[in-house]
Structures are given as structure tokens and as C-alpha cells.
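When the chains are written out, they are named A, B, C and D in that same order, and each has its own residue count from 1.
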Amino acid sequence: MTVLIQENSFDMGRVLNEFADRLSGAGAVVSFSGIVRDIATEDLRAMEIEHFPGMTERALLAIRDDAVARFFLIDALILHRFGTLTAGEAIMMVATAALHRTDAFDGAVYLMDYLKSRAPFWKKEITERGGRWVEAQERDEAALRRWSQG
Amino acid sequence: MTVLIQENSFDMGRVLNEFADRLSGAGAVVSFSGIVRDIATEDLRAMEIEHFPGMTERALLAIRDDAVARFFLIDALILHRFGTLTAGEAIMMVATAALHRTDAFDGAVYLMDYLKSRAPFWKKEITERGGRWVEAQERDEAALRRWSQG
Amino acid sequence: MLDIRYFAWLRERLGTERETVQTTAETVLDLVAELRGRGDAYAVVFADLAAIRVAVDQELGGLDTPISDAHEVAFFPPMTGG
Amino acid sequence: MLDIRYFAWLRERLGTERETVQTTAETVLDLVAELRGRGDAYAVVFADLAAIRVAVDQELGGLDTPISDAHEVAFFPPMTGG
């Protein structure tokens, strides 16, 4: 279960423990969890996450396998939700395991950078004023470019 | 409970969940867990971790507070064990929470870099040939120097 | 016959998430040119190609990606996962 | 009276983890010079000062850290936490 795409909520501690329990020989385990934030200026009623079933699985598996190969990871996991979420809920999570801490950290950062801009998810914020599609950030493209240098 | 120094084992998923449950307004949560690895060439019977009670608490609190201030963290936690551990056991864990992923990741990397070389812990590997104090790595000092540049 | 799919605000503007077209387009750009002729909504959606991403048979592509052998082309805004 | 503490291999080599000394040393380096005179084990432990770290009243210090007002000085190898 290296890639999970689901509508249901998840227990990040349980996902981390299940990931860590399967490992053998790892010295370092990193996890990242993304949480729906409230909007500064108005109440967020919901965050709707649309995705492209089929392509999502392919894209996440490819990103996960790239990270494993590039950072010599012992294992890596991506979990991403879709559907309607509210503020404070966990949207997604990645976990990486490696011999050394640098690879585990770099692997997790890499997974997140690619998930942000290369996995077919689209977020829409719902407030009392209506819905607004979240726009992609130039800084996320800049984060991706780091990995193609050097 | 932002700094925990204990002899007992811990449940990393539970620590992560308890950390995340206390948060308000975070968009990103990162965790790092360090695990005792076997030695490549011989069987590790045990890893003994000595520390300096009193100074350890002060050092970890200072490192934690530095990270919070430097990376605008919403919260940060350090847990570190001492005593006798065996291969596969979790030694320590850090967790960070921030608005954005970059700060949460950088904060966790910073905590680890300082824990490695600036917190009064000493590791001793016990094998069938006897005990051997783990030597500090030049790469860990190099990792620290990055934070004082720029 | 080619399946065309739309996501996020493209889907909302066009009022459709999927349609099947008969086309001789050889590249994504050819297809976009044809679609623009289908009506005002299409002309608006495809006005700024820098704001649109495309996947051909579920692999990210570009305007010059060949589609002669493709089964499905999907159009959507820049992705916002994570 | 000054408490002196030793950790890790320094503790093992000296066979003690704590001792109390009467000293007029003004800096860590003065204290090290005195300790070296206490016997062979001390001379060996303090032979290579680059391999030793020091904390004065539980704050990391250096050879030039003043200790006239200190209650406790601790010597240990480079730390290996994490």
C-alpha cells in the first residue's frame, strides 16, 4: 500500500506506525501531514478536492518510485484524500524511510514538491461568498525546479 | 510537554497524534523518528545511550525554542530516550508544525542537526567484541554550519 | 473517436466533464483549435493556453504532444495537490 | 570547591563520574592544566583537547571560558545525539 487515494479521513499516527512497523533496517523515518487551514479573511466552510481517478494513481506511483530511486529510500508512502473537507482536517500525508536522516528528509520534501504541482488534484475553497478555485503558486514551480539543477 | 527525556520506549504514532491534536491553525506537520540500526559487519547486541541529566533538558529546550523562533513554528516537540536499546527500537523523535510546509521541514531538519551535535547524549554500541563509543561525524558539524551562513 | 475530459474550472465553465469527439487533429494544439470553434464557452476556456495543462492518455503532455493514437485527452488548470 | 563531571569514555578511562576539587583556576584551560597533574589517567584523557568538549554550569563552553564563579565543570567527548 504505497499509494492510497481515499475520500475517508485517516489517522496519521496509525498510518505512521503501520509504515514504520513494516520497515527493516531503516535508521530514519520522516512524515509530512497536510492540514486544511482556515482562510485569514473569512470563514472556510469547506475545501473541495477534485481529482482525476486513474491518472491520480499513476502519477502518485510514479512520483513515489522516483523518490525511492533518487534518495535510496527503503520505503515511501503517499496518502491523499479527495472530496469535501473542513478546516483542521488532514488532507494528505507522505512518509519516507532511509538509512540516514538526510535522504529521508530530502525524499519527503521531493514527494511534497511533486505532489503540489504534478499530481492531478484541484482544490476549491467554499466560503459564505461562494466557491474559489485555489490557484497554483509560482513558489511551488520554483520548488520543483530545484530538483532539476545540479 | 515540548521536551521529553525518557528511558521508556514510546509509540511514535501516538506522539504524533497527541502533538497534532493540540495544534490550531497549522497547515503542515512534520515528524522525524530515529531508529537503532544494526551494524553492517557484526551483530549489535545493544545501543547504550548516556546523557547529562539537567543539562540535557536545558539544551533541548533551547534548541526547541530556537527552532520555533527561527522558522515561525506553531509548535515543536523533541523526545529523546536514554539507557539500553536494541536494533529496530526508536531512539528519538521530533515533530514540528507550521503554516507552510517549508518551515515545518526546515524546522525539523534544524532540530535534528542540533540534536546530533549539541545535545549531551553519547551512544555506545555493544557487540560480541565489546563496547565502542560512536564517534561524532564531520558531516554532522558540516550540517550545523549551514545554519550560520546566509 | 476521442474522449475529452475537463476538470476544475474548465469543467464548470463548459458545463461538461466528458465528451466524445470525432477529430483528425494530430496534436493537442490542433485539437484546441477545433474545440475553440465549438462555441463561446470553449473560446473563453481556451483563450489563455498558459493557464491550461493537458494529459494525453493520463500522462502529462504539452501543446505539441501527438494525439493521433490517443484514446483520451484531458484539460485542466495547474494542479494544486498536497 | 568545584564539582567536576565526566561522561562517556572520559568517565570510563578515569573510573569516576564526579569529583570535587579545590582550585584557583580562572579558566577551563587552567583547570585542565591542574587536572593533568593528577596522574597518568588524567594525562591520557586530556592529551588531545580537540577531542574534548566542556560545559560550565551546564552551558557549552570553551577552553577560555571563565570558571571563577562556576559551580560545576563537565568534560565529555563530542556529542552523538539524535
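Everything below uses one rule, namely that a residue touches a chain if its C-beta (ideal position, glycine included) is under 8 Å from a C-beta of that chain, and two chains touch if they have at least 3 such contacts.
Computed from a predicted model, the values in this text were never measured in an experiment.
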Checklist entry - Smallest number of touch links from subunit A to reach subunit D? => result 2
Next on the checklist: Taking the touch definition from the top, what connected groups remain once subunit B is excluded?
Outcome noted: A, C | D
Checklist outcome for this item: Note: subunit C sits from subunit B at a C-alpha centroid distance in Å of 48
Checklist outcome for this item: So, in whole Å, the Cα centroid of subunit C is separated from that of subunit D by 72
Checklist entry - In whole angstrom, how far does the Cα centroid of subunit A sit from the Cα centroid of subunit C? => result 26
Checklist outcome for this item: Note: subunit C residues in touch with at least two other chains are 82
Checklist entry - What are the residues of subunit A that contact at least two other chains? => result 34, 101, 112
Checklist entry - Which pairs of chains touch each other? => result A-B, A-C, B-D
Checklist outcome for this item: Listed in rising order, the residues of subunit A that touch subunit B in the complex are 11-17, 20, 23, 25-38, 90, 99, 101-102, 104-105, 108-109, 112, 143
Checklist entry - In their complex, what parts of subunit B are in touch with subunit D? => result 34, 50, 52, 54-55, 58-59, 80, 91-92, 112, 115-124, 133-136
Checklist entry - Considering the complex alone, what residue numbers of subunit D touch subunit B? => result 5, 7-9, 55, 58-60, 74, 76-82
